[in-house]
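What follows is chain A paired twice: with chain B in the first complex and chain C in the second.
Up next, the complex of A and B:
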C-alpha cells in the first residue's frame, strides 16, 4: 500500500488541492480585473456580434447602420479627447477636416480608383500637412480665439471643397478593401468591420498616448503653462501634436464616412458645417473629456440615440424636430448636474452600487459580535 | 551642408540619453534576475515538497490527523450554518420590530423560540457531522496497517534525494542566469557602443561646423563660480524692472536674493530660466561637463537640460494627477522614447518608465512623501504641496536649484524644517541653491551669500552679517530716518 492510497491522506491532499486552485483562480481574476485593453476588445467583439446578428436578420439594418455611423463620429471624438481633455484646446474646425478626408476618398475611388490602402495613406499625409500648417498659425493663441480661427479655417475648407465638386458619390461597385471586392449587399458589412478594427486600434493608441509621458506632459501644460515650460515641456510641440492627432482622426472619419454612407451633398448636407463640429464638442463634454469611454458614450448619446431608438418611435417619426429638442435637453441636464460628464455619473453609480451591496450584506447577515 | 547646431546638440543629448537608459536598465535586469532565480528555485522546492507530502501526512499523529480530517471540515460546516442562522436572526429581528410597532403587547415569544430551536438544531447538525466524520476517521485509522519505521526511512531517503535534486537545480539555475546576465551585458554593450558611435558622428559635425563658422567657446568663468550675471537688465517698455545687475553665484553655496516688494527678484529668476529674454546683459552658466554656456542662447523649455530647475512662488503642482505622476511630469525630458514608441508602448518606453518610476520613488522617500505617492495632488495641504515642488526639482538632476519664496505660507516650525532641508539637499545632491525669500530669519540662517536689490538695482552683496549692516539695505526696508 502506498501513501497516496491511504484514505485519510487522500482526503487531506484533496483539501489542499482545492485551496490552492481557489487561490490561483483569484490571482488570475485580479490580473485581468483592471486590464485596460480588455474592455476595448470586448467592446469591439460586441460590435462585431451586432453586425453578425443584423446579417442573420435579428436586428434591423437601420439600427446597425446608425451604430456604424455613430462609430465614425466616435473616432472624431477620440481625437477630441486628447485635444480638449488633455491639452485644453477647443477646435471648431473638425467639420473641415472631415470634409478633407471625405473628398480625398471620393477622388481616390470615383476618379482614380486606387483602393483603400492608398486612400488611407493619402488621407493621413494630407491631414498631417494641413494640421501642421493650421496648427503653426493658430496654436500661438488659446481658448476662444483658437476656436474662432479654426472655425474660419473650416469655413474656408468647406467653400473650397464645394467649389471643387458639390455632390460626392461613390458607387458600391468601386469599393475594394485591400484587394477584396464585395457584392453590393456586402459592402456595408465589410466597411463596418473595417470601422470596428480602426476604432479598436485608435482606442488602444489613444489609451497608450494618454498613459505615456506625452499624455502627462499635455496635462501639465493644461494645468500650468509656466510650470510645464520650466520642466522642459515645449508648449508648441505638444499642442501641435494634439492638434495634428485630432486632425488625422477627423480626416480618417471622413474617409470611413465616405466608404460607409457613400454619398454626401456639400451644399445641402450638414456634415461639413459648423453643426457637426459643435455636436462633437458637445458630445465629448457630455461624456467626459478625459476619458475614452466617456467620449464614446457621449457620442452615442448625441449622434446615436435619435437614429438608433427615437426614430423607431412613431411620435418622434412624425415630429423629427422633437429629437433635437430631446437631445438638447439631455445636454443641458448633463452639463448642469454632472459637470464632469457622464463618466462622473457612471463612476458615482458604481460607487453607490458598491455601498448598496455592503448595506445589503449588513441587512441580510447582521453584524457579528 | 549647414546643419543647424541646435539640432546637432540635441542629437548628442539624445544619444547620451539612450546609452544611459540601456546601462540603467541592465542593472534593473540584474536585480530582476535575482528575484526570478529565487522564484524559480522556490517553485522547484514546492514541486519537491509535493512528492514528500503524502509520506509526511502519513506520519502525522492521531490528533494531528484528526484536526485535518475531522475538525477542519466540521468547522467549515459550522460556519455555513452560522451564516444561515444569521439570516434568520436578522429576519426575526425585523419581524419582531414590526409586530411590536403594530401592537406594543404583541406576543413575540414564538419568534424567539424559533431562533432558539434553530440554534439547537444547528448544533445538533454539527454534532452529527462530527460524529459521522469521526466514525469514518476511526474506522480508517484503526484499519491502517503501516510500518512507521519503514515509512520514516523511506521519507528520509526521499528528502535526501530531493535535497540533492534541489542543489543540482540550484547550480543549474546559477549557470543559466549567469549566462543570461552575460548575454544581456553583451547586448547592452553593443547598444551603448552603437549610440556612442552616433554620438561621435554628431560631435564631429559640431566640431567641423564650429571650425567653419569660427565660433569660439565662451571665456570660462572663474573656477568656483557657477552662474554669473553681468550688466543684466530687463525692461518692460519704459519700466526698468532690473537694471545693470551684476552678481556671481559660487559653486555649492546657498545664495539669497532679497529686496522689498517689487524689487525685481522674480524678474531676475525669470531671466535666468529664460521665461523672459533679458533686454541687455550676459548670463553665463557652467554645466555639469564644466563647459561655460550663455543661457540666453537656450529656449525656456531647454534650460532644464542644462541642469537649472526652479520652483514657483504660487505652487504650480498639477492637481488632477497623483503625486507620483507629478514626479514623472518633471522627468518628461529624461525619456528618449519617440512618439511611435509611446503610441504602441514598445519595450523601450516600458524600460524607461521603470527606471524613472524607481527614481521617483527614491526621491519621494527622500522627501518623506512616500505616504502621498498615489494620492491626487488635489486637496493636499499647502506644506505638502511645497514639498512636492521641491521633490519635482530633485527629479531633474539639477546643478542649480532656484527656489522662489520657498517659505511663503509655511508656519514657523515648517520654516525651520525647510532651512534644514535646503542645506541637506545642497549637501546630498551636490548642487547650488539660489533663493528668493521674504522671511529674513530663513535667509539669514541658511544663506552663504546674499544680494540685496531694490528697484532693479543692486544695493549690497556679501555675507548675511555684511548685508544686515549695510546702510542702503536698512534704508530700503525701513525708509530713511525722519531727522535727516
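Up next, the complex of A and C:
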C-alpha cells in the first residue's frame, strides 16, 4: 500500500516538476520572444546566410554586393535616426563625415599600411572631434538653418579632402583585418561579415540608447527645448552626444565603404556629394524617423532596391533612368501620404488585418462569452 | 603691382555671380512663401536651360527666342510643382517638404533624358548670346560682351523684382504671405495663387540663371547648377532669410570673397588648392558670428 502511495506521490511530484520546468521554459521563451534584440540577431543571421549562399553560387554576387553596400548606408542611417528622429537636428553634412572616414582609411591602408585597428581608432577619434565641433554649431543655429550650415561644413570637408588627394583607391591585397590577411577573392566576404557584426552591435547600442534616459532626454529636447531645459536637461550635453554618435557612425560607414568597395569612383562620384546626404535623409524619413527597423527599411528602398532587384528586370535594365524616376516618385508619395513613414504603414496594415480577423471570428463563431 | 590680373579674375567671376544672385532670390522667394529650402531649384532651372539648348542645337532657332521659351517652360514647371504637390501637402512638416524637393531631383534627373535628345550628348556646347570671342579690350583687360549681357539682364531683373515687391499689389501680397500665411489668407489674399506664382517666378529666374551660367561653362548634366545652388543656400544663411534683399547681398558677398581669395592666390600660389575651402570657411565663421544672418532680425520664440 505504502509503496503504491510512494509511487503515486513521486509521479505527482515529477509531473509537477515537469510542468514547472515547461512553464519556466515557456517564460524564458516569452522573454526572448519579446526581447527586441532577438530581431536584430535574426536579421544578422539571415545576412550571414545570404553571404554563405552567395559563396555557394546560389545568389548572384551583384545581389550580395548591393546588400553589403546598402548595409553600410544603414549604419549611417542608424546615427541619423538618433539625430533626426530623437533630437530633431537636421544635418546635411553626412556625406562629408563619410568622406572623412573613407579618407582616413585610405591613408591608413594605402599610404602608411597600419591595418584596420589603427584605422578604427583614428576614425573614431577624428569623428568625435568633428561631431563636437558641429554639435557646438547646433547650439547656436537651429532648424533648416542648421541643415544649410552643416551642408556648408560638408562642402568645406569635401574641398579639403579632394585638395589632399584627388581620388582614393585601396587595392584588395593591402587589406588585413585584425592581423588576418585574406586571399583577394575572399576579402569582400570577410568585410561583409565585419559589416554585419558592426551593424548588429550598432543596432543594439542604438536600441539601448533610445530606450535609456538619454533617449528620453533627447525626445524631450525635440518636442520643446525650453521645457526640456526647465526639467534640467542640458541641451549642450545631448546635442553634442547626438552629433558625436551620428558622426562616429557616418565615419565608420566611410571606413567600411573603403574596405568593401575599395574605390571612391565606383559609386559614380556620388559618395561625398550633397545627393548622398539627401538620400540618407530621405531614407530615414521614408522608413520612419523614430524606428530602427524603419530606418533600415528606408535605406534598403533608397539605396538597395534598384541594384538588388530592378536591375535584373530587362525593362529597367534598358532604361536605367526609370529607376531614378521610380525612386523619386516613391519618396514624394510616401512623404505626402504617409508622414510617419513606412513603419506607420506597416503597423497600420497589421492593425487592420487584426481587426479584420477579429471581425471574421465574430461572424463565424459569435461573440465570446 | 599689375592691376589688370585682379580685374581679369573679377570679370571671370561675374557670370557665375549673376547666376548665383538670381538663384538666391529664387530660393528666398520659395523659402518665404512655402517655408522650405528648395533643393530642386537647380534641376528646375536646368530644365529651362535644356529647352533652350535643345531648340538651338536640334532645330537651329536663335538663342534669344528660345531663351524666352525656356524661361516660360521653367515658369510652368515651377507652378505645376506647387499646384500638384505642395498645395496638397499642407500637413507635411518642414523637413518633409525638403525631402519632397529631393524626390523631385531624382524625378527630373530621370525624366530629362527621355524628353531631351541633347541630354544624351557627352557635353553640350551652348553658344552664349554673343560669341565669347567678341571682347571689349581696355588696356590689358578684355571683357566679353556676353558678360555685359548677363550682368545687364541680372540687374534689370533684380531691380524689376524688388520694385514690384515694394510697390505692386503682388509684392504686398507676397510680403504678407511670407510674414504669416494664415493671417494673409484671412485678409483676403489668395495665398494659393501667390505661392504658385512665387514657385513659377522662382523657376523662371532659375532658368535665366542657368542660361547665363552655361553660356560660360560646359553643360554636362542636369545637375550642372548644384554648386550655384549650394552657394545660394549659404548666401541665404549669410544674409538671413528674414528679408528679401539679405540673401541677394549675401550671394554678392560670397562671390566677391571668391574674387578676393583669388587675388590673394596670385601672390600665394600654394593657397589656390584650398581656395574654395577658405571661402566657405570664412562664410561659416560669419554665420557663426551672426546666426540670424547679416541683415537678420532676432526671432523671439514664444513658449
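Here is the rule we go by: the second predicted complex is superposed on the first by the 325 of 369 C-alpha atoms of A that agree within 3 Å, B and C clash if a C-alpha of one lies under 4 Å from a C-alpha of the other, contacts with A are read in each partner's own complex, and residues count from 1 in each chain.
The criterion applied here is as follows: a contact is a pair of C-beta atoms (placed from the backbone, for glycine too) under 8 Å apart; a residue touches a chain by one contact, two chains touch by 3 or more.
Given the structure is predicted, the values throughout are model-derived calculations rather than measurements.
Novice: In the superposed arrangement, which partner chain does A:41 touch: chain B (first), chain C (second), both, or neither?
Specialist: neither
Novice: Identify the partner contact of A:217: answer first if only chain B is touched, second if only chain C is, both if each is, neither if none is.
Specialist: In the superposition, A:217 touches chain B alone.
Novice: Have a look at where A:226 lands relative to chain B and chain C in the superposition and call it first, second, both or neither.
Specialist: The answer is both, since A:226 touches chain B and chain C.
Novice: For A:129 in the superposed arrangement: first (chain B), second (chain C), both or neither?
Specialist: A:129 contacts neither chain B nor chain C.
Novice: Using the touch definition from the top, say if A:4 reaches chain B (first), chain C (second), both or neither.
Specialist: It touches chain B, and chain C stays clear.
Novice: Applying the document's definition of touch, where does A:234 land relative to chain B and chain C: first, second, both, or neither?
Specialist: first
Novice: Name the contact category of A:327: first (chain B only), second (chain C only), both, or neither.
Specialist: Touch partner of A:327: chain C, not chain B.
Novice: Give one of first, second, both or neither to describe whether A:364 is in contact with chain B, with chain C, with both, or with none.
Specialist: It touches chain B, and chain C stays clear.
Novice: Residue by residue on chain A, keep only those touching chain B in one complex and chain C in the other, then list them.
Specialist: 224, 226-227
Novice: Residues of chain A touching chain B in their complex?
Specialist: Counting only chain A, the residues touching chain B are 1-4, 6-9, 11-13, 15-16, 205, 208-209, 211-214, 216-217, 219-220, 223-224, 226-235, 241, 363-366, 368.
Novice: With touch defined as at the start, can you tell me which chain C residues reach chain A in the complex?
Specialist: So the residues of chain C in touch with chain A come to 36-37, 39, 85, 88-89, 91-96, 98-100, 102-111, 113-114, 223, 226, 230, 233-234, 236-237, 241, 273-274, 276-277, 280-281, 283-284, 287-288, 291, 301, 303.
Novice: Sort out for me which residues of chain A touch chain C in the complex.
Specialist: Contacts found on chain A: 84, 90, 137, 140-141, 143-145, 147-149, 151-153, 155-156, 159-160, 163, 224, 226-227, 273-275, 278-279, 281-282, 285-286, 321-332, 335-336, 339.
Novice: Residues of chain B touching chain A in their complex?
Specialist: So the residues of chain B in touch with chain A come to 53-55, 57-58, 65, 68-69, 72-73, 83, 86-87, 89-90, 93, 137, 140-141, 144-146, 151, 273, 275, 299-305, 309-310, 312, 316-321, 325, 328-330, 332-333, 335, 337, 339, 342-345, 349, 392, 396.
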